[in-house]
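Common to both upcoming complexes is chain A, partnered first by chain B, then by chain C.
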Partner chain A sequence: MGAGDCVCIIGTNTTACHPVIGLGMMQAKRNGAQLIVIDPREIDLAREADVWLRLRPGTDTPLLSAIAGEIYNAGMVDVESVAASTEGFKEFCEGLAKFDAESVAALSEVAADDIRRAARCIGRARNTAFYYTMGVTQHTTGTNNVLAVSNLALLTGNIGRPKTGVNPLRGQNNVQGSCDMGALPNVLTGYRSVTNDDVRGSFEEAWNVTIPAEKGRTIPEMLNAIEEDKMKGLFVFGENPMRSDPDINHVEHCLHHVEFLVVQDLFLTETAELADVVLPGASFAEKDGTFTSTERRVQRIRAAVSPVGDSKPDWKILAELLERLGRPERYADVKDVFDEMRMLTPTHTGITYERLEAGGIQWPCPDESHAGTPILHVGNCMRGAGKFVPLEHREPAELPDAEYPLTLTTGRVVAHYHTATMTRRCFGLAGTWPEELVEVHPADAAEYGIADGDLIELRSRRGVATGRAWVTRRVPRGLVFMTFHFSESPANILTTSAADPVTGTPQLKVCAVAIRKLTEESTSVESLSIEEHASCHIA
Partner chain B sequence: MPHRLNPFILATASKCIGCRACELACAAAHIEGGVSVGSLQAPLSPRLYLTCVGEMRVPVGCRHCEDAPCAAVCPNAAIYRTDRGVQVDESRCVGCKTCIVTCPVGAMEMGQIWENGKPVMRRVANDNSPEGSEMEPALLASKCDLCKDRAGGPACVEACPEQALALIYPDAIKRRRNIQAALALKGTGARAGEVL
Partner chain C sequence: MQHTTTTCPYCGVGCSLSLAVDNDRIVSVSPGPEPSVNKGALCSKGRFGFDFVHHKDRLTTPLIRKDGVLVPASWDEALGLIASKFSEIASLYGADALGGFSSARCSNEENYLFQKLFRAGIGTNNVDHCARL
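Up next is the complex of A and B:
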């Protein structure tokens, strides 16, 4: 991207969490593209931004709607063509009236002039690409926030062309692939609903089993079901909910309560320590198969080293379990698994291991002569007419009050990955960011008598965590920031499990906390001693 | 030209952006497997320290003082001057920390030394243990050694993206300044016979 284009990022600390794409954004900026950053924290990209909107956490929907309203009112919308290719346009535009710049400025703490500047940037740009991640979705209004981005892209015609689009950046190398494969409670492969009889029928025929016709449980629903004794067993793969899920004390209670817990992971995580059975999984470098990147590109991966010790690739563990459950061995190798999947998944049917030898292929790819689909919604939205959804503002589930006067938001740093089960075992990465640094604004620090580097205690309605304070203007007054990387400073002890009503995604980006300085003689943060550092020699 | 004065690494504060690339490069240069942050075989322990004071940021490290106070106070002769700066012989360090106290710029640190993927251990007295002593990772005097064994010279200088760091040879600078000043004087006294 370059002159005349615009990159608009919302709730994504891209240079820290997706550093390669973050560098691409810096490059675009250097090439002359405009950069709009919508984030409550002064993340690195905010310093590069042409317009930085420092919104109050949880006001994404009104802010994006106000930008849409300004663009519409300034006559920068091609009303005829948008009306012709979409539905709900008129209702949407009428709904924008309540999001005027002045009232949204008061609500979101962003100056009305800045909202107008962002609107002018997007309205005048030839192309605008919208990028978002967890800062948009991890709210009780997560679905609405995504719809607000989508509304803005539809309104400005920024879909179905290069350098445009609504682009969620996936946080892991294969989270796109696992969602594509139906690792969600409500869909089978290719995002086809389990309530659809035809879809279920095709799987039932292939597998010779009956599949439940109702959707499964989201993670918070699973935990609740365990508490209510409706769920007896839990199989956790490559996930560490004892650190990554909100309200860890509640998670721990549920994992103790469940009758049978299986954890499959590379290392003995906090979650694995609670398990009845631990199955040693294999790392990315030890297995064959495919990963699907954030741009839907299915890519072949090959084992570089043999699995260490007794560990096995996931598909082998599952195939052996299937065998013991009375389903005889059906898969000789990873290709068998892939071929079964592609024959049952119309979006992937045209992708074969042979074709992947020549490079990755982006789904949808319905047949073997199809080149793949780099851009979705070309010419027309895939569902037909693009759908505008009028939205309302809803405040976050837990706002600061007299007892818990500050807002806590959570995220990551560039050196570490999620609960750091891998990155803290790597000397270089651990040394780059050895411990939690809780970002505290200088004015708040002064109010609570906290100096840079002091140990502080954070309390919420759910628990207590300690960490070292970093007194910095990266956060605005009233906001503190923590990562969820460090076991000895677990941010998710504090966070709330209040979730988006549609997706079940928890509101990890907002909860109310109180902080205080810890005196020297009280507990210090015990640095986690990790015995087994992974050896990562470069041959 | 033989250098009469020790070279040292100097940082220009106005150029430093505080990225810590120098610290990373320094640590990696002194660790086995130092190809990337993922391949290092020991914990990071840099020998220069990015220091932030207000809006200013700059890395601080050893000046390789001519009258090196760290060497002067070391009770075990573990610190000494060479023609390539002030150096530490870790095998002679007893961890008395006098060098830390005496260093005027805070360049000295007690660091862990790792060999073959394990920390170097030392025996310390402990009456509670059956043997009367126990082993613990040794903390030994550690400071800038000007990357004396590194072919490309100091790693921090090479890594700085803003060219804020330089290996300074003070006598070479003095000589260069003398020459510049001499050239600048060429025009003075042009009026013949004038006594200044």
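Up next is the complex of A and C:
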């Protein structure tokens, strides 16, 4: 991207979490593109931004709607073509009246003039590409926030062309692939509903089984079902919910309560420590297979070294378990698994291991002569007309109050990844960022008598965690920031499991906390301190 | 020294890596050959985040809890126990009394097999993964 284009990033600390894409954004800026950053923290890209909207956490929907309103009111919308290619346009535009710049400025703590500057940038740009991550989705209004981005992209015609689009950056190497492969309770491979008889029928024929016609439980629903004694056995594969999930006390209670827990992982994680059976899996460097990137690009991974000890490639363990459960299939290698999958998955049928030797292929790729699909919605939205959805503002599920006066938001740093079971075991990474640094604004630090580097305690309605304070203006007054990388400073003991009603995504980006300084003698930063019995209710 | 082209295991960008291997150990990582999405660039995790592969904390054998303690076990014993406990739970309480969290860190093939294990091997749609985190 370059002069005349605009990059608008919302709730993504791209240079830390997707650094190589962050690099591309910096390059676009150097080439003359405008950069809009919407984030409460002064992330690295905020310093490069032409417009930085430092919103109060949880006000994404009104802020994006106000930008849309300003663009519309300034006459920067191609009304005729938008009306022709979308539905709900008139109702949407009428609904924008309640998001006027002045009232949204008061709500979001972003100056009305800055809202107008962002609107002018997007309204005048030839192309605007929107990027977002968990800063948009990990709210009780996450679905609305994404729809607000989509509304803005539709309104400004930024869809289905290069340098445009609504682009979620996916946080895990193969979270795209996990979803594509049907590791979800409501869909089989390729996002086809388990409640659809034809879809189920094709898998039932291939697998020679009957698949239940009702969708299964999500992760929070499974945890609740364990607590209600409806679920007795759980298999946790390559995941560490004892650090990555919200409200760890609740998770721990449920994992203790389940009758039989199996964990398959590389290390004895906090979750594996609770298991009845632990299976040693293989790392990416010890096995063959494919990952699918955030842009739907299916790419090969290849075994470079032998598995350690008696550990095995995970696909072999799963294939063996299928066999022990009486299934007839025998896979000679991982390519057999891929071939079975692609024949049952129209979006992947044309992708073969032979073709992947020449580089990754982006699905949909329906047959072996198809080149793959870099851009979706070309010419028209895949669903037909682009759909505008009128939105309302809803405050986060938990706001600061007298007892818990600060807002906590969470995220990552560039040196580490998620619960850091891998990155803290890498010399070069652990050395650059060895411990939690809780970002605290200087005015808040002064109020609580906290100096840079002091050990502090953070307390929420769900638990207590400790960490070292980093007194910095990266956060605005009233906001503190923590990562979830450090086992001894577990941010997720504080977070709430209140979730978006549609997706079940927890509101990890907003919870209310109190902080205080600890003297060095009074504690060492080490174990979980569990304050009170956690309720197992997930909102 | 051998070089193996593969894909980075960290975020969703999908950078191509070239692993330099000597004596069955990764000794360095450099950007993979073209065509690649990273075009010669790598971040700190991509370039320096490989020590964990050979770390002494890696699990090297299955473990089974006996008298409250996790102790080493054979594959046969571990997989046999899982199959018998899962079958027992399914016959006593129904297949929906079982469920699994799949892994956004593992491959497509493994995610396909994991959901197949629950849908075809056990008979429940209780399968999900950490996409929301």
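FYI, the second predicted complex is superposed on the first by the 523 of 539 C-alpha atoms of A that agree within 3 Å, B and C clash if a C-alpha of one lies under 4 Å from a C-alpha of the other, contacts with A are read in each partner's own complex, and residues count from 1 in each chain.
Here, a contact is a pair of C-beta atoms (placed from the backbone, for glycine too) under 8 Å apart; a residue touches a chain by one contact, two chains touch by 3 or more.
Computed from a predicted model, the values in this text were never measured in an experiment.
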Now for A:Ala68: first (chain B), second (chain C), both, or neither, which partner does it touch?
neither
Of the two partners chain B and chain C, more of chain A gets touched by chain C
If we overlay the two complexes on their shared chain A, which of chain B and chain C does A:Leu147 touch? Say first, second, both or neither.
neither
Tell me which partner A:Ile115 touches in the superposition: chain B (first), chain C (second), both or neither.
neither
In the overlay, answer first, second, both or neither for which of chain B and chain C A:Cys426 touches.
both
After superposition on chain A, the chain A residues reached by both chain B and chain C are 415, 426-429, 432
Give the list of chain C residues in touch with chain A in this complex.
2, 4-16, 19, 21, 24-26, 35-38, 41-46, 48-55, 57-65, 70, 73, 75, 78-83, 85-87, 89, 92-93, 95-133
In the complex, the residues of chain A that touch chain B are 415, 426-432, 535-538
For the chain B and chain A complex, residues of the former touching the latter:
24, 27-28, 31, 33, 35-45, 117
